[in-house]
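There's a structure below that I have some questions on.
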Amino acid sequence: MDEVTGAQLIAESLKAQKVDYMFGIVGVPIIEVAMAAQAAGIRYVGMRNEQAVEACRLYSKFSARPSSLEAIPSVIEKAVRTSIYGRPGACYVDIAGDMVNAKVERSKVSCCPPPPVSLADQGSVTEAISVLKAAKTPLVIIGKGAAYGRAEAVLRELIEMSGLPFLPTPMGKGVLPDDHANCVAAARSRALLQADVILLFGARLNWMLHFGLSPRFNPNVKIIQVDLCAEEMGNNMRPAVALLGDISAVATQLLLCVRRDGWKYPSNAEWWSTLKSKIAANAKISKALALQSTVPLNYYTVFHHISQLLPHDCIIVSEGANTMDIGRTMLNNYLPRHRLDAGTFGTMGVGLGFAIAAAAVEASQNTGRRVVCVEGDSAFGFSGMEVETMCRYSLPVVVIVVNNNGIYSGVDSETWKAMKQMGELTSVAPPVSLLPDARYDEVMKAFGGRGLLVRTVEELRSALQLSLSDWERPSLINVLIDPSSDRKQQEFPWLTRSNL
Amino acid sequence: MDEVTGAQLIAESLKAQKVDYMFGIVGVPIIEVAMAAQAAGIRYVGMRNEQAVEACRLYSKFSARPSSLEAIPSVIEKAVRTSIYGRPGACYVDIAGDMVNAKVERSKVSCCPPPPVSLADQGSVTEAISVLKAAKTPLVIIGKGAAYGRAEAVLRELIEMSGLPFLPTPMGKGVLPDDHANCVAAARSRALLQADVILLFGARLNWMLHFGLSPRFNPNVKIIQVDLCAEEMGNNMRPAVALLGDISAVATQLLLCVRRDGWKYPSNAEWWSTLKSKIAANAKISKALALQSTVPLNYYTVFHHISQLLPHDCIIVSEGANTMDIGRTMLNNYLPRHRLDAGTFGTMGVGLGFAIAAAAVEASQNTGRRVVCVEGDSAFGFSGMEVETMCRYSLPVVVIVVNNNGIYSGVDSETWKAMKQMGELTSVAPPVSLLPDARYDEVMKAFGGRGLLVRTVEELRSALQLSLSDWERPSLINVLIDPSSDRKQQEFPWLTRSNL
Amino acid sequence: MDEVTGAQLIAESLKAQKVDYMFGIVGVPIIEVAMAAQAAGIRYVGMRNEQAVEACRLYSKFSARPSSLEAIPSVIEKAVRTSIYGRPGACYVDIAGDMVNAKVERSKVSCCPPPPVSLADQGSVTEAISVLKAAKTPLVIIGKGAAYGRAEAVLRELIEMSGLPFLPTPMGKGVLPDDHANCVAAARSRALLQADVILLFGARLNWMLHFGLSPRFNPNVKIIQVDLCAEEMGNNMRPAVALLGDISAVATQLLLCVRRDGWKYPSNAEWWSTLKSKIAANAKISKALALQSTVPLNYYTVFHHISQLLPHDCIIVSEGANTMDIGRTMLNNYLPRHRLDAGTFGTMGVGLGFAIAAAAVEASQNTGRRVVCVEGDSAFGFSGMEVETMCRYSLPVVVIVVNNNGIYSGVDSETWKAMKQMGELTSVAPPVSLLPDARYDEVMKAFGGRGLLVRTVEELRSALQLSLSDWERPSLINVLIDPSSDRKQQEFPWLTRSNL
Amino acid sequence: MDEVTGAQLIAESLKAQKVDYMFGIVGVPIIEVAMAAQAAGIRYVGMRNEQAVEACRLYSKFSARPSSLEAIPSVIEKAVRTSIYGRPGACYVDIAGDMVNAKVERSKVSCCPPPPVSLADQGSVTEAISVLKAAKTPLVIIGKGAAYGRAEAVLRELIEMSGLPFLPTPMGKGVLPDDHANCVAAARSRALLQADVILLFGARLNWMLHFGLSPRFNPNVKIIQVDLCAEEMGNNMRPAVALLGDISAVATQLLLCVRRDGWKYPSNAEWWSTLKSKIAANAKISKALALQSTVPLNYYTVFHHISQLLPHDCIIVSEGANTMDIGRTMLNNYLPRHRLDAGTFGTMGVGLGFAIAAAAVEASQNTGRRVVCVEGDSAFGFSGMEVETMCRYSLPVVVIVVNNNGIYSGVDSETWKAMKQMGELTSVAPPVSLLPDARYDEVMKAFGGRGLLVRTVEELRSALQLSLSDWERPSLINVLIDPSSDRKQQEFPWLTRSNL
């Protein structure tokens, strides 16, 4: 009889499902599982804190508590399978502590196959095409589902063959490059407002897309919704056509129609002129802001220069309020699944964890890709101690803290000192203020990483170049910006704050 | 301004979603909603009890509590839509009591469109066909999903063109008629045990199908799984081919291949001989049991005669232990969605409610179809007072209580009296015993329905004929059977009890 | 080694905690537990239905799921102990099905001792006495906690020595007899409204006491709250004095003060005149209603005659809307813990179960006490099939169904027929209507019990006398009353309906 | 009409309940509440992260979600009241975001009175005294409940008058000074093992007291349990006598008996000799360890010197594994409620938050008391960023990180470098290792606090003296100890790890 401990069985079951990395917090009895995982060839990354474990269970797609050791391999198979079949999502397996050291006969469930693929019915595809052809001001929105569904090649061909303008959602950025000629992200509000037909690939009309509602959307807009989840169809907006199926497969169905018909949206349409002039106007405003180099710097200048220096294949992780909102518009993605936008999760403090996970994978696979983590100073505080984890494993993450001394806005050192004279700070300091000029860079240095404080464009550029050139250890660039810096005026103030 | 109360808004929102019937228990503040529903043209059926309201919420596919009156129409639309899109399931909307009488401007969300349809990818379809062609002992299983997906026409063509044997699950009964030449239900155990390829249409390999496991299944069986729910793929058994999509659409894809190839499983295959001889052998045993007419009767005789008299288009509702298990094999269904098998819900006491709902619909649509509700005596006790509801609304349901004086088995009157001498019944009576010869028929009579007590074949036949001929009021036929009557010997005792 | 099955261990653990009765629904694997319970000397009563099992867990004071067989005795001890220590309440123990037949070494935890007793601090007692002495219009309210705390003897002495008027809550009825000279229940609204000091013994100022709020209470009323649960102090109303401790013990502390001081509230106080004249006035109105004997009868006449015939030591169970509200005022209790008022649970359908439980206990202990269950017709429908349980175990419960053809109000047969002409009943029948003149008495007869239909005073009296004289079997008296009968006019319509 | 916003109403309701401090994380819409709190005179401390919000709700004694703005004052009153009445515990009030800016008429519920007090019944007190008098080897255990119940004065008198040995639980430390002549903490295991009667004041026999079970306890030990929570009586161990009531009040009852009888446990009893010689022996071992000054230091040396320098009135917060376990035995408390032992909560990461809260209160009240926070290095990582909060508000907390490079145990720099050569650290590094010699002191310096790295006794002493002398800003002393340092051998290895 081939006996193993529960810990070994867990580790081997995960390995059988092709899980190559484990992230965790160590305590008894996790130590045994972590060690068994390493023995089974899984890399283990020990974190300093993990948030909201109970929350995991509540928001999981599937959760289970194996009733016996024997059930562990199949429960783990089901959890992994469920997490990737249909709409992807977290699964939660809760294993009783006393199982870890108990003995059981070794057993294994082989790795679950890739998810099954389905297509839209041909009638609906034909209908979608005719709605699209009839559009005066069409728009394609590329969402997270297109990224997960690895639809980049077919969508590029579809966009280029059809000549349609497109817009990525935050997690859809990079499915097509942000600098693609058909990308109208720089005229986002205008595009959403005036589109008469929107072709939605794996994007949800949630708060990030203003629920598809007026005044942000044309009240008569027709939606062609492409999604692999039936229950998602019609949420918030009734689609004119619902195409249920795998995003790549459905995009291919649409592409075949377009190719067969030789149809193309005219590049000289007035809609293109409108969009292009709006893009140009916006670019001008952003450029004006970005070229200001008065110290302290503003957000736009900071992101402009970061954008210029980042390699096209880097993975961008971002979290914060203004930092994430503005960064999303200023930092281009050129490749799919190269962005982890923490904001869509609605939880602060996940950014550094995402960056560590990404860096651990890149490091072990020698991809030569950098992980850049752009954090607001408040967001950084949620899990800043994880820089020790980066240092411990020599993960060359570049952390950029865009530091405005607060949440939404802070105050400068002089004002802070003045407030201190006025009374106890717990009574007088604005709740949104953090300590002025906090040296987050020194926190990184405390663990042997590189820490850099920058105030000017020159300092920023050289710090970033230095950090990017170093593959041995992580860096943290603490960019002190104007505490009163804010987003440029938005056309619609409603729901522009994305992390509320 | 066009103002309505919350109750009216709820009623109108339901009507807008084409909800035509409401079932409920009355209490304040439900009265207002029920009356508003009637005013909006919804028929209201007041029940005597409802089970497990909290449970509803826990097991719902979607549950919501509108935060404002204004949100009610869209929450109701989402609940109705979610209940029919993807895998069908209950949804739960919890409306705060104080909303019912509050005033709000009238508003409406139009009825959600029918669910979107998706297809399997063609490569997998081709693969499925070649697995099927290579099978020596193939079997088709037709499940509830095929009934919900209205796949009856295409499945009949597929079965007949391919010449394959098939087996329905309890709720899949009637998608093809139970007396179809290719139906091998009467050799169910043998078919499951020896099949080398199983083509599964919208059926789950749950406990009712013994989880697809040995010793009930060939351990090397290949499964071709057709389902509209990705997360269902691979549950309990790894499929050889997974065809994700609408059951009708995928069956059509398979049919086109079969038709194009002109392929047919040979009717002279040894597999057919095996199945047919097993069917004949089983029929012989059942017939022997069914022809016994000693009083008290056994289950098989009872169901044999019921089966002969029921109209082919009647709706059969069934619940109980042996009553449901044996009834399922003895009472044929000839039409899809004409059977409500309470056992798959795992809850006793839903049968009469199902029957009332079905009868209310048939009555208001003048379909001329009967609803026949076959109950074990224990099951009947869970909600027997609902016969008052049948009488109140003059719903001509035929309730047949197969009465063995207990749960699984009871004792006869003589034994009961003897036990009474032995000590207090709470100390000596078997927990599975109910009162011998309880007159459930009198319960129906108490409310003006027809009640009939039968002990012999002749009484049973004439009672059933009488009941079926009366369209004015419900009947209850109380069939006293031998308390020690049981199922015939099963090949596999394991998990043959379906309602545990 | 002394091995037993899990079922035996459960049964023996319950018996060790002095559990003498078990009530349940039979299914696998409950059969084994029920049989083991009987073997351990526990009486088992099999019911036809049980409501809201999941709800049990949610509203339990303590719930646990033993992680091993070995833990069962101590988990059961803890559950029993927790249910009786502090504020009494249900506990929930969920035992995994596969434990029932597993083997384990026999073990036992001895029966938990009676709850510990605590007293109020003397300073607060003194303060309470002086608040009481200063009162012009004092009132004592005797609640459920006084009944549970077995405070009847000391409270009677306290009431009689102090000469204070008192009022019982529904479940506090009988702690002192309802016909006690100091009972002012017949002037309840007036007493609550004008009291300037209220001494609350184990009663909660919940909806049944109008939350202690104006306009039902004097806005300046001072509350002296006696309760054994600290967290209950100050709920809804801030007490002038909070006396935390066992109700009997604290009442004794108060009694000692009163006795020592020789203080007595003057029987010639104006407050007593006010209350007595109000009692007389109310009695006159009730009597006038009660003496009406026009057929169909009204509620007051029915309860008046029932009241006259019931033995003083009978146990009254009640549930319904008007039936429970009016019955509570008309049916006297003379002994503590002789009333089960289903309404305080807010759930319909528990009345028959309560009656069966009470009757099983009385029967096995040969107390010679009757159980009388007074049900509204709608309430009866929730679990009417339980009359079979009464018959099965020959429990001589007297069930009285006060039948008004509906919920709150019904219609008579003529009106019903007329409605039937108007259209389908599901469209036109008021949601509150039940079948007119339903023969609930026949339901009892169906199982061998006595069923009696009564319409007149004479029929009612003779039916009740007959039922009370029969100790061999249960009876059901179906009292057809005027469907439009209602409560007499209430001073405050607000929250007079107690079961909403 | 006097209108306020929801935020103001929340703030004023909290202030009315005498809430003087608010701790939180800022986000919209918390900003408004925080600002309103400051306006209402509540001090606001903005934290960097908060753990487990959902968990709060699950483990709360009471949780509510006000259904209207008007309900907020009374819900807050109930939450505050419930948190301090009966067994103290957290309460959770969840206020809908859209209430914060809505308008409502100002209203207030006055502050809830102090909790009501109850006493044990005199019979049980007498019984307890006779059990105590009959004891050969008695022991008093002083728990958290005694500290909450402010029983220090009466317990000191009781201990001194009765001459009994006592032992504090972690949170009971300081109710009597740890250096009291009757304290036998230094012979804890022996005292627990041999006591024949244990008098338990507000302490639970949970895992920290080994569930009161053999082999850690005498199997025949008699427990006298003093507790204010009835449901706590008999948990894990059946008490010989249960004294239900307020700890102070019951201790006074016992004291009165002892005083009246003039009873005293003889100071020359053999039990005292046994305990004293065990104390001396243990002291010798600890002293030997504590006097080792080889670098790197061990735990005992570190705590020995810290202990010598801490002011007697300082507040000690502690969290970690070995750090907390050993610190608990080595760092004396001299005053009640001056210790926050994070371990009893079972959650890491709360220590710095506790320290900030304590320091904010001391600062605003100018008590002149220091807050000292002793953290393991792993524990510090859970919320180390909160040192920014300390700096921001100039809270002079002294944080001591006892740094062994890991969880339970780490490795030194040399070993770490060697492992790095062996392969990727995620594959080879022990899961319990953290980065060697991490400079947590630099993290404090990053925000303007004092950071000190120490390796020797001299460095430790001077760093601690320097930190204690500075009232302007927080300090962090990073004490590098031997990564293989461990607890001295324990008599019972079972459950000596307190944070599992």
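Chains here go by letter, A, B, C and D, matching the order in which they are written, and residues are numbered from 1 within each.
In this text, a contact is a pair of C-beta atoms (placed from the backbone, for glycine too) under 8 Å apart; a residue touches a chain by one contact, two chains touch by 3 or more.
Keep in mind it's a predicted model, so treat the numbers as computed, not measured.
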Most remote chain, CA-based centroid, reference being chain A: C
Pair joined by the larger number of C-beta contacts - C-D, B-C: B-C
Rounded Å distance, chain A centre to chain C centre (Cα mean): 59
Whole-Å gap separating chain C and chain D, where each centre is the average of the chain's CA atoms: 45
Interchain centroid distance [CA atoms averaged], chain B/chain C, Å: 40
Overlap residues in chain A, where contacts from two or more other chains coincide: none
Contact footprint of chain A on chain B as seen in their complex: 61-62, 78, 81-82, 85-86, 110, 112-113, 115-121, 124, 228-231, 233-235, 238, 242-246, 249
Chain B contact footprint on chain C (complex, rising order): 21, 24, 26-28, 30-31, 34-35, 38, 41, 43-46, 48-49, 51-55, 58, 348-349, 360, 363-364, 378, 380-385, 388, 391-394, 407, 420, 424-435, 438-443, 445-448, 497, 499-500
